[in-house]
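Note that the chains take the letters A, B, C and D in the order they are written out, and that residue 1 is the start of every chain.
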Amino acid sequence: MAERARVAVQTAPFDVAVELAALTAGRHDIGAIGSFVGTVRDSAGGRRLAAMVLEHYPAMTERALAGIVAQAGQRWPLLGVTVIHRVGRLVPGDGIVLVLAASAHRAAALGATGFLIDWLKTGAPFWKQEYFVDGTSAWVAARAEDDAAAAAWATVPPPAR
Amino acid sequence: MAERARVAVQTAPFDVAVELAALTAGRHDIGAIGSFVGTVRDSAGGRRLAAMVLEHYPAMTERALAGIVAQAGQRWPLLGVTVIHRVGRLVPGDGIVLVLAASAHRAAALGATGFLIDWLKTGAPFWKQEYFVDGTSAWVAARAEDDAAAAAWATVPPPAR
Amino acid sequence: MAELHVLYFAWLRERLGRAEEALALPAGVTTVAALRQHLIARGDAYAALAEPTVRVAVNQAMAGPATRVAPGDEIAFFPPVTGG
Amino acid sequence: MAELHVLYFAWLRERLGRAEEALALPAGVTTVAALRQHLIARGDAYAALAEPTVRVAVNQAMAGPATRVAPGDEIAFFPPVTGG
């Protein structure tokens, strides 16, 4: 289990520098921090995006995120994990999700970062609705390749500790 | 080739927030940013570390880093890459290296991040000397597993664009 | 209380025109599959629940067709998730 | 100028007590392997160059034993890199 685990769902923006500092403050056993930031793009399926609204299932989100973080901590010797997912209305350029994973070595930090974002995309109850510049809107469809990316982890044996 | 490529070797600390902002400023086509931060740990081989001194081969470093970034840009559809490597005297907790890779989608961003750090560890002319609390010092030995990690990329076909 | 708390998310919520409802546990309904059929049988917008991609969670955990439902449970129907 | 510019890094630099030297290209030396043997033959600290892990770069690019060396080249000897 990660020694420092922070999970948050929020409407406010996240500050990567603040989160990095919190994750590593006073720690000198961390040698590697992997991170992933997902942001809103200004086009989708060839159409210009004006905004995106993220909905979630609060009671389940909390459980799902805690479960995903715990799974990562079982696979890799993590010293800290931060997962922040935003909800509500976002515009192009806004951050959607932040994953940080700290470990003594890079393979664990980057492996856990990839694992966490793959699972966030397929195992956490968030839904995106896109609002286009042309006035139309659409719910984002789940992508088969996301399911494949998450499922692929089941075939990867946990690394030697 | 990445549309924004920044490579630096410096004694000064790097600021992840500043680098992230520079990479993404004014861009709304970026959907994913992978990052890796390597930091100085306070122990090595069971001994307490007081400091680390990083030496490099300046004329070659520049060429090697530019080459590595160009290779990443050929493998993945990157929208921006930042590589900063520090040299000189560092103490536990200090950042050593920063890699940022931006793309429209997460697989490219995280793949390029892992590729860049694996190659930095084996293909760029940096050498670390560790100074221990007990007054001794030692040059860090190259790790066979680092060579294996970098070599493994040669067997991974570039992803479909 | 012999009631289920049923939640709908994303386009299911929009199609049904509601985010939640309380439902007396119908006689003979003991599984997710049976509850789903019961709701689909209401017709009109509830036909959306027949969409095979629709997922179900019971008490905030992903559930399959055979998962048991009991009075007091929170049952959620939703499309495949698209966060991250 | 028929000279090579030779550089040493990390523990090689320490063992040799120098970071660089100018070297007149010895007669008959046209490859990295020959230059390395020539330097090793100097004896004393130069024996360190016989260490099989020592790498060589010619004009800032990684080189093998058969890589050609010519007047004006910058030749660097160094241990395996340990950055990142």
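As a working rule, a contact is a pair of C-beta atoms (placed from the backbone, for glycine too) under 8 Å apart; a residue touches a chain by one contact, two chains touch by 3 or more.
Just so you know, these numbers come straight off a predicted model, no measurement behind them.
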| field | Minimal step count in the chain contact network, subunit B to subunit D | value | 1
| said: Just the number, please: Cα centre separation of subunit A and subunit C in whole Å. | reply: 27
| query | Quick one: subunit A and subunit D, Cα centre-to-centre, how many Å? | reply | 48
| request: For subunit A and subunit B, let me know how many angstrom lie between their CA-based centres, rounded off. | output: 22
| Distance-wise, how many Å sit between the C-alpha centres of subunit C and subunit D, to the nearest whole number? | 73
| Junction residues of subunit D, two or more chains touched | 84
| message | Counting only residues that touch at least two other chains, what does the list for subunit B look like? | response | 38, 106, 117
| task | Go ahead and list every pair of chains that touch. | result | A-B, A-C, B-D
| query | Touching subunit A in the complex: which residues of subunit B? | reply | 15-17, 20, 24, 27-43, 92-93, 104, 106-107, 109-110, 113-114, 117, 149
| field | subunit B - residues contacting subunit D, complex | value | 38, 54-57, 59-60, 63-64, 85, 96-97, 117, 120-129, 139-142, 146
| said: Per the contact definition, I'd like the list of subunit D residues that touch subunit B in the complex. | reply: 7, 9-11, 53, 57, 60-61, 74, 76, 78-84
